[in-house]
Amino acid sequence: MAAVLKEQDDLLVPTLAVPTTPLVKVIGLHVGENEKHKVFWETLQKRVEQGETVVRYERCTPDTINFPPRKDKPQRQLGITEEDYIPPGIMKLNWPTKHALKIPAVLVVFIQLEWEAEDWEDKEQECAQLFESLRSARNNRSTRFVAILEQSKPQTSVPEETITRRAHTFRTACDLRHRSSLFTLDMPQGQIPTAVEKLDAIFFDLAQQHYSDEIKRVEAHMDIANQATEHMLFVRYLFKVGFFSELKGAHRDAISRYHRALEFLAKVGFTSARAREIKTVAGVLVARMCRCLFQTSAPLEAIAQFSAHVRANRLRLAPGEHPAVHAAWIAQQYATFASLFKDAVDGGLGAIMLQHPGLYFKFAAEFAVRRMTEAKKTQSHTPAPGPVAAETHTYIGQVVYTCEAASNAQQLQLIKWHEQQYPHASVVLQLLNAARTIFETYCVTKQPAVVNGQIVAREKKLTRMLTILDLQRAKFLVLQRNFADATTLARAAARAFRAGRWWSLLRDALLLHKQCAWALGATGAFCTTCIELCAPQIPLSAEDKTLAQSGIDDVVQGTHMDDSLSEDFPVAFGSAASDATTSSQDGGGGDRDQTDGGPQIDMASITPAVECKVLLYEPDPETDNRVRVCIAFRSSLPLPLRITNIAPALHIAVDGDGADDDGSTKPGTSDAPDLSISLSSTTALIPNSTKVVELWLATPPRLPSTAAVVCTHVRAAIVGTHPIALCWSTPDASMTTTTTTTTMPPPAQLTTTPWSALPSIPKTAFVPQRTGVRITHAHTPPAFVGERYRIAVTVANTKSSPTTDATFRVEAGGADGSPTTVDLLQVAVDGKTHTSSSDRLSAPLPDIQANASQTVMVDVLVNAVGHLAITTRLEYTFMGVECVAQHSLSLPIVTPLHTTFQLLDTQGESLDHEMSLPAGQDMCVGVQIETTQPERLVLVDAWLQLPWAAAVAKPLRLSACHEEIGAGERVSDLVRITLPPLVPGADPTTTALGTFHIKWRRATSTCDDGDGSSCVETTSTLPMVDIHPSTLDCRLHSPT
Amino acid sequence: MARREVKRVNGELFTMTYGALVAQLLEDYESDDEVNKQLDKMGYNIGVRMVDDFIANTNTERCGSFKETCTTLAKEGFRMFLGVTATISNWTADDKECTLTIDDNPLVAFVELPDEHRELNYCNMYCGAIRGALELLQYRTRVTMTKDVLKGDKDTQLTITLLEVLDDVPPPED
Amino acid sequence: MKISGVAIVGRQNEPLLLRTSEAQPPCEPIEHIIYAALDVVDDHALLSAKKSTPDALKFYLGALYPLEDGKCYGYLVNTKIKFFIITQSQAHSDQDVQSIFQQLHSEYVRMACSPFFKQDAPITSAKYVRFVDSLLASGS
Amino acid sequence: MATTALKTTSLSAVEFLVAEICRGSKDIATTHDARYKHVEAIGYRTGLALFESHSACISEAKKNMRFQGELDVIKYLCKDMWQVIFQKQIDNLRTNHKGVYVLHDNQHPMLTHLPRTIPIDENVQLLLAYPCGVIKGGLAALGITASVSAEITALPACKFNLDVRRA
Amino acid sequence: MIYNFYLYNRQGVCLYQKDLKRGSKQQRSDTDKLLYGLLYSLKKFAEKISPNDKKRFRSYKTATYKLHCFETPTGLKFVMCTDLSVGNIDRDLEHIFAHIYVPHVVRNPLAELHVPMTPTTTMQPLPSSSSSSGKEEEASDAVTATQLQEQQVQAAAAASGFDAALSAFLSSLKYY
């Protein structure tokens, strides 16, 4: 990771990444030749590897070991103020490395010297000199010396007093007074490991002592320094103490020291000269703290600590400090922390979806981007800086352009130059990549999914976060000119955003995609994106939309494009045809087959800027048996667009299996449409107005009666030398069967009807069952018993084409077979009448012209109370298809007139049946007629008939004729009759006195013609009498 | 007047149903004007029913005057049906015209009138309802919206004009 | 608390309203923040579907994920509408955030009750936008 | 929530309005289907708004809590919302746990004023278009798409059949 | 005992009538018209002569029967003919209005107001039923059987509820 941060930042890397464990160096260990040494050394290494020890061991020779020189500081007495002494910087850059890598805490010297060696004195002298030299080299650092005397034979064999004596002299000679500074290695090879274990522990202790001494030393300085004023010094001291404590392994102490260091740092004057240095130091301090915190496995503290740090410094710019520099600094902070975090995680720390290193890499990237933009702001080609540029790297965070050495002008120039050289894009990209890899591992969640019945948890990637990252990555890939990868990323992102209807994001993705397509010369992809960019949903300034469209024009015209489109891309467009192949691979939302040379844009797979709807109308008479197709276009492009070769693909779907029919005939699939046509004339699409292209297609002469025409897709080409085909296809073919032709606006109105109101493809048309004929009855409810009822049946051809060989059928009874109480008399078609005795009649009908109508008269005789139910059918041929229209009528039938009789004597007293009358006696019959109907009726005539009475052969008329009665009114009248002598030999049985007849008609219907067409006669019987031949009288009976 | 207990329901239901109705009508008809008409018509049909329901629940004696009637309608009627009260004011000298002000008009709660429907009288049903109710009480009136909250006025106001006092239809002469 | 952005996302996770304060906009484009945050909301939704602890069913989802300079909070209501608040500076009491969400929601409901309200369409109601902006403005 | 802001109206007012909507549908639509759709659409809008505004606070206990699953929603519909709309609760809820629910309403307010004896024809069915729409819209507001149909068992009882389409 | 019951609206349409005089065969056809005329003039008369503004006319007696009339402000007239023994039954008539007419007719979503509720309204003269077959199809279409039925149903819907409730109520009256 650290590799990302160039220049100044790199210098910090050792400081930040330096190992913090005690360092022990070993001299005189000849692993090569000496078997024992070998074992000794390997055991140590093993311990290090297995983490049994924290000590770092290094082998070296007396002359390779070199302690960094300690530069002598001016001796300071108490009470000296900081005017006398201002350190040039806060912290030396190389200081931590010096102590962590160069200066050992313990120096172990192996010496092969037997206790009983003859030349003991000489050897002792050598050692003395060696240690002498080492000591001088050490220049009074507190590094501990340890000597190890190797013995070939075990000590026990040596007399006690020799050892003590010689040991003593040796110590004094080499000045190894310290208790644990002289050891002997006398055991056999096998026992060495145990010995090593002991020694390792001892070395560790010594190291601890060493670092404690160092701490004490530094603290001594602190005591004399002035807390109130010499902040920088205190920062330095505290840092040192902290660092030593780290080496010591006392992380908590370290943390607290660093903390205090920070506090002091905050007090240091924050001048533009120092700003950079101060912030860098702060960064270092915080980094060290976080490192400790992670090591003491307190990640949350670390995070809190760090975010506090960033929050404190985010806006902390010194006057005149260049924002780019600041952004760079923050970016670096994040990057550092991220890598620390990452290390911790790799070291087994658990992280969660919402707290993981990836986030911090992301943030780092954000600031890297900000740095870039800030740098761009002041971007003006600046020459390489002069000799001033010799950078001094003695102090942390001091660069030449921030140290007082350079003037402001120079500084600015240097910064510009520096930022200019800086490979921003790649840096950002690396950060983003790092972020993404980590995101991938954490953006995973368990999702319940139903697998054959039971619910199981399936892992699901939360891809949105990644998509966003990819979008950004794509952006920088473009800057890096890595267009191929950028394309793939951008397209994937675009797909996601399109699906989610995140238009503004989609726009960004598309713009990238477009740039790539441009650079790669992928015509198809380029045009696709351009078209989509113009879609109304995409938020884009008018100019940009225009730009996008002009891009298309350039392609179709094959003109070379100016660089107006995007800064400095290669003009990559050759002829569209040649690029067709490439475009088919990396073309945008799904280019399909390049059948017609140029690339094809499938509008169904993108957000279309040019919409297309197809409406199919039923065949028109003028265009005998041709389907009329209206193709409506609406373009959202800013400028007019000229298209040509408009070609709808129509299929004939037979109902029922229509669905799978369409399934097989989706656009793109091989089989050709049943009906097709291509309009070669060009059409201009005016922005945001509906343009309708109308054309007719011949249908096969005789379609099955359930056939329907289905449009599956439409193709059109943008006019130009390298035309680009557009293809609108049905979202899914299954819909085709469901759509109906009911709510279709007439072609004339298409341009005016709102676009949303237009039914969109797929659209079916020409469903032949739908007849063009309507049958209606004109009549007056209710029907009256006895009436001859004339029903005017109007057969109207509502279509604009004639109906041929029609037959009109009528039958008694409702369509549902409900019973009726009428007799069909006749059917009259313009004058000609057709009669039949049966309860069904039929008559041929002349052809009915378009929008004409034909009236058929159906006469029925209503013969009883009940229902007048008739059903009329019309069978006819329409567009060569047999059709049927049916209508049924049902009316209540009532008796309009009620008649009641009374038998009276001449005085008008009503006769009761006990009374007997002699023959020749006069009597009266009182008749009362009333109607319940609202309709007024006219009594044309009314008479009595007494068949049995020879005397009164002729009917006795009622005077109440031509009376008109309405609801609730009554007509009554008396007829005087003389009971005649009995007919000789008349059978003495009960017979009717006679019958009563009324002839009437509706007041509304005129009755100039005497015929019964409108006049109705209703008959009712008079009361009964019975006749006794014995006596010459008859006895009346009251009516039964 | 002894008022009987009237079953009451959450006011939102009425408001929202009415809103839904208006919105739907706007889809079905071309012009706002037609919608206004339809609302007025429906209002009338509701009004003629409401008035009987009202009388049945608050067994009111016939009000003496048009003035009295309007006041009752504003006070009692609105309270009973919509749970708000309206106030009658600005009587003309001849007591033939007044304005009815609906204090917090429940119909317009939540409503934000879109600009394309400036012509719409959102609350036009009031007019019809009042007209219908008064007509059954023998007053043929013209009711028009004069102020509309949705059009920026501070409250909803209707103007009621008495056109004619109806009398029982005499029996047909015969 | 400083609110730098407010977002409302519809049933199909399509954006209905995205507003940022001009004074202090969030560090990255609000689209990026919200789009990514949807992942976390999904996660919550799945969670609540599995276990039915009262907390899992709360409208208030708490902080969704950390931003460079703030947090993104989420609020998922019964009607599957998602509300988001982007704050600057890290620490806020949940009560405060929650109360803001409740205001946002109830105002939304008022708007949604308007008969002219279009379901699942980007929010155009001037009234509501004004309200949201007032929230953004009152940053303190 | 906005709910508290509003006063109450009389039940009759709502009845009159709905009845008039059904009657008025004649002026817009000719066929019965069209009329039914028209009325249902009005119900639908109502349901959307109504549930939108109520789904936040069902009960103090469940304030600002999400429903847990479909059944929870349906129960809410039968108890709380029915109370809001019709001042009663659904009397009986049946489900096959596969997305089909049957809500029995033994005394449906839309039908109470009808005489028991009249034949169940289109006009009577039309009265139920509104509640069906409300249910549909309400569920839609809560993100459930369902087909809703009502059938009258014996006046004034009726049952609503919900068929939830699961994605 | 109750002889018969009539309900008129202000237009003088007899919305409903009921004969309880068992087995009376006199023609109802015009009595309702006559009765309305009578009521009308009585009302006018009462309004003229009444000293104070309590103008309402409640009932009158003849040798054979007593007629009670209750009129709502909306001009609905509830009329009942009873025998002489019956006292003031305003309360009952008002009850019929408030608890039978309103719930069963006014609040009945299917009922048409102000059309006669007798189930035999099928024969109501219909606007477009003028038998001119020359008229456009639409006109004659308007009179298809289905529409007749619809009207019947609605009238019946209004009637049956009201009818049932009314007779139930009447029979509950002690002077029934």
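Of note:
The chains carry the letters A, B, C, D and E, assigned in the order they are written, with residues numbered from 1 in each.
Definition applied: contacts are C-beta pairs under 8 Å (C-beta built on N, C-alpha and C of every residue); 3 or more make two chains touch, one makes a residue touch a chain.
The structure displayed is predicted, hence computed values, not measured ones.
The fewest steps needed to get from subunit A to subunit B, moving only between touching chains, is 2. Note on connectivity: the fewest chain-to-chain touch steps from subunit B to subunit C number 1.
Annotation of subunit C and subunit D: jointly contacted by B, touch as defined at the top. Of all chain pairs in this entry, the one linked by the most C-beta contacts is B-D. Separating the CA-averaged centres of subunit C and subunit E is a span of 63 Å. Subunit D has its Cα centroid 27 Å from the Cα centroid of subunit B. Chain geometry summary: the mean Cα position of subunit A and that of subunit C are 18 Å apart. Separating the centre of subunit D from that of subunit E, both taken as means of CA atoms, is a distance of 36 Å.
For subunit B, the set of residues touching two or more other chains reads 12, 16, 19-20, 23, 49, 53, 109-110. Within subunit E, contacts with two or more other chains are made by residues 107.
For subunit C, residues touching at least two other chains, in rising order: 49, 110, 113-115. On the side of subunit B, the complex with subunit C involves touching residues 12, 16, 19-20, 22-23, 109-114, 117. Taken in their complex, subunit B has these residues touching subunit E: 4, 48-49, 51-53, 55-57, 59-64, 136-138, 166, 168-172. If you check the complex, the residues on subunit D that touch subunit C are 1-2, 45, 48-49, 51-53, 55-56, 64-69, 140-143. Across the interface of their complex, subunit B is touched by residues 10-12, 33, 36-37, 40, 43, 53, 72-76, 94, 97-99, 101-102, 106-107, 113 of subunit E. On the subunit C side of its complex with subunit D, the touching residues are 11, 48-49, 52, 54, 57-60, 76-80, 102, 105-106, 109-110, 112-115, 117, 119.
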